[in-house]
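Can you read through this structure? Questions will come right after.
All chains are identified by letter, namely A, B and C, in their written order; residue positions are counted from 1 within each chain.
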Amino acid sequence: MSLLSNTSALLGKELRTEVRSRELLTTTVVFILIVIVLFSITLHPTTSESQRLGPGLLWVAFLFAASLMLQPCFLREQTNDTLSALRLSVSDPFAIFFAKMAANTLFLLLTELLMLPFFAGFFNVRVLPVLPQLVLVLFLGSLGIAVPGTAFSAISSQARMRELMLPLLLLPLLTPILIASTEVTAALLEPEPALRLAGLGILVAFDVVFLTALWLFGEYLLEE
Amino acid sequence: MKTIAGAFALFLLIAVTAYLAFFYAPIERTMGPIQKIFYLHLPSAFSSFIALGICFYANLMYVFKRQPKWDWLGVSAAEVGLAFITVVLVTGPIWAHPVWGIWWTWDARLTLTFVLWLLYISYLLLRSMLEEPDKRALFSALFGIFAFLDVPLVYFSIRWWRGQHPTPVIMGGPGSGLEPRMRVAYLLVWGAFTGLLVLLVNARFKLEAMRADLEELQREVEVR
Amino acid sequence: MTPTSFSPTGIRFENIDKRYGGLYALRRVSLEIAAGECAVLAGRNGSGKTTLLRIAARLVRPSAGSVTFMGNTKDVTAEMPQLGFVAHATMVYDELTAEENLALFARLLGIAEPAARAETLLGGVGLTDRRGSLVRTFSRGMRQRVAIARALLNEPAVLLLDEPAAGLDPQGVTWLAEALRRMRDAGRTILMSVHGESEISSLATRAVRLDAGAIMADTQTGGSLHSILTFAGA
């Protein structure tokens, strides 16, 4: 009945649902691919421009994709009012958010990793030498997207124009993630790769602040 | 009565400070008369930050106390804050164009201001998409809290980012090379704008209280 | 269905107000359901039955007033009792099997052997042979059985049901009536909303009619079961 066991049970449910339907991962990967291709076509960057613009475009594509991928998070709990069932069963409402947020981070990270080969190919960057550090940035950035994203998914699921509301609420707020992730990624992909610790620090600070906020205010987000 | 007297006093104060700004304070050496827009730009920015703080406080109070008056204060502060931020965003380019020859640049201050403007707009748009008053109050308060927590993160991430890629700073820092007469004018305008903030928030608050009453009456009529 | 390991608990609603904007869904509702009582809430759509039940289940916060639970002696119980809630929505996941659904909720509730409890309850509602099927493939009646099983996972002392017979065929209604009878006889307190007289409502020993958010009639203060149910029907 503890927070951890509740969370793992719910995380298991989220993962099982996705494994069975595979709808989130496939659509998100394809979407990111489309965005990147569209950017590449309109900008048709030279090789050096690619290396400069690439990281920014990549993260913008991730942000757009995430704001779509996070929509069903709480919407699907409305179909059979399973959200009420969860609220009645868990000992700590934060478990509901914790599990969804962990699942969303995982899904985002997976799609981003799947996109890396395409990114490396289109933008002529070398990702293999800095793969561990890249995965770290991707993880911290995805967590930063998923935490407020999951919270706002709960909010927007109760609003009109919900499909537009989620990106509208989420994207301006994610400015620090966009800036820091892009800078750190760009620095890693330079001819002389460097790890920008300050940028990582911003990502970590963002993650901590919003995790804490979600922990403090999560139960109010579930109110009817 | 008090409000009208206050408004009149404020009107006088603004008239006096306008005179001071345009005629008493000397014309700045390098930039010329256009620099005087500075007296509008910075106090507006400052007022908008105060409004942000008021909004955050109101949001917190609503979540814990659930009294409608906190919701009214929140939306009042947000709308007035948005107005002031819009002034900042408009006066920026008006100043920049004759001086720098460009309408806009992504320097640290302007970028921060723009993101802040977007967050205010998201808050107000969210409210318009939530029809039921209690839900609207709760969810917009929760979003407002998240948005406020984001502001320092946005500030630091932008500062770091611009530290990596320095650009000229529009407008210079406050008090940078301010002549004594300029300083007098500036401080008085600053006071006037704070007074204006209080007056506007107060008026908007009363309007919201009346609107809430009207909504309630409308709903009761619909039922019968 | 399952061995009784709960203590009889009654419900006390005190001056419950629920406003949505200017609209009062519930207006100064005070009601006491004794431990072990089987009570029905009757009333038209929009009379506040669902809201009252959801407030009792702690899913909705009242604008004013409180809900407390009492033991046999009518003293307020210190701990929150186990509640079971059944609504018109099934409150189970379509994309999971019946077994997986119950095991999930059992785990969340902190039940010691979730899989075993799930199996027992599925047997109790007669769904053992369909336990490995996705709920998506179930009929309305079968889904309702899963919902009831879910509500019983934590041995609830209090059962709250919101129009549980809605959408059920006559066979389903009979099954439900029998299931509720067994729960009533086991001493669980039942509060359910109904739409007129039926096999279900005949199980009740108490009826309360709501209209526009206020209590209009109560068998406790006079009025027969029949009159309260039929006056309010449809």
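Following the convention adopted for this analysis, contacts are C-beta pairs under 8 Å (C-beta built on N, C-alpha and C of every residue); 3 or more make two chains touch, one makes a residue touch a chain.
Small disclaimer: the values here were computed from a predicted structure and weren't measured.
Q: For subunit B and subunit C, what is the smallest step count along a path of chains that touch one another?
A: The fewest touching-chain steps linking subunit B to subunit C number 1.
Q: When you average C-alpha coordinates per chain, which one falls nearest the overall C-alpha average? Tell me, please.
A: Given all protein C-alpha atoms shown, the central chain works out to be A.
Q: Which chain pair is joined by more contacting C-beta pairs, A-B or A-C?
A: Comparing A-C with A-B, the pair joined by more C-beta contacts is A-B.
Q: Can you name the chain that lies farthest from subunit A, using the mean of each chain's Cα atoms as its centre?
A: Between subunit A and every other chain, the largest centroid distance is to C.
Q: State, to the nearest whole Å, the distance from the C-alpha centre of subunit B to the C-alpha centre of subunit C.
A: Taking the mean C-alpha position of each chain, the two centres sit 51 Å apart.
Q: Centroid from C-alpha atoms only, then distance subunit A to subunit C, rounded to Å. What do you get?
A: 39
Q: Could you tell me the distance, in whole angstrom, between the mean C-alpha positions of subunit A and subunit B?
A: 31
Q: Give the residues of subunit A touching no fewer than two other chains, as numbers and ranges.
A: 223
Q: Mind listing the subunit C positions that touch subunit A in their complex?
A: Per the touch definition, subunit C meets subunit A at residues 54, 57-61, 83, 85, 87, 89-96, 100, 104-105, 107-110, 150.
Q: So in the complex, the part of subunit B that touches subunit A is made up of which residues?
A: Touching subunit A from subunit B are residues 63, 115, 118-119, 122, 125-126, 129-131, 135, 138-139, 142-143, 145-147, 149-150, 153-154, 156-158, 160-161, 164.
Q: Which of the residues in subunit A come into contact with subunit B in the complex?
A: For subunit A paired with subunit B, touching residues are 148, 151-152, 155, 158-162, 165, 168-169, 172-173, 175-176, 179-180, 183, 198-199, 202, 205-206, 209-210, 213, 217, 220-221, 223.
Q: Which part of subunit A faces subunit C closely enough to touch in the complex?
A: On the subunit A side, the touching residues are 1, 5-6, 9-10, 12-13, 16-17, 20-21, 79-82, 84-91, 95, 223-224.
Q: For a test of understanding, state which residues of subunit C touch subunit B in their complex under the given definition.
A: Touch residues, subunit C against subunit B: 19-23.
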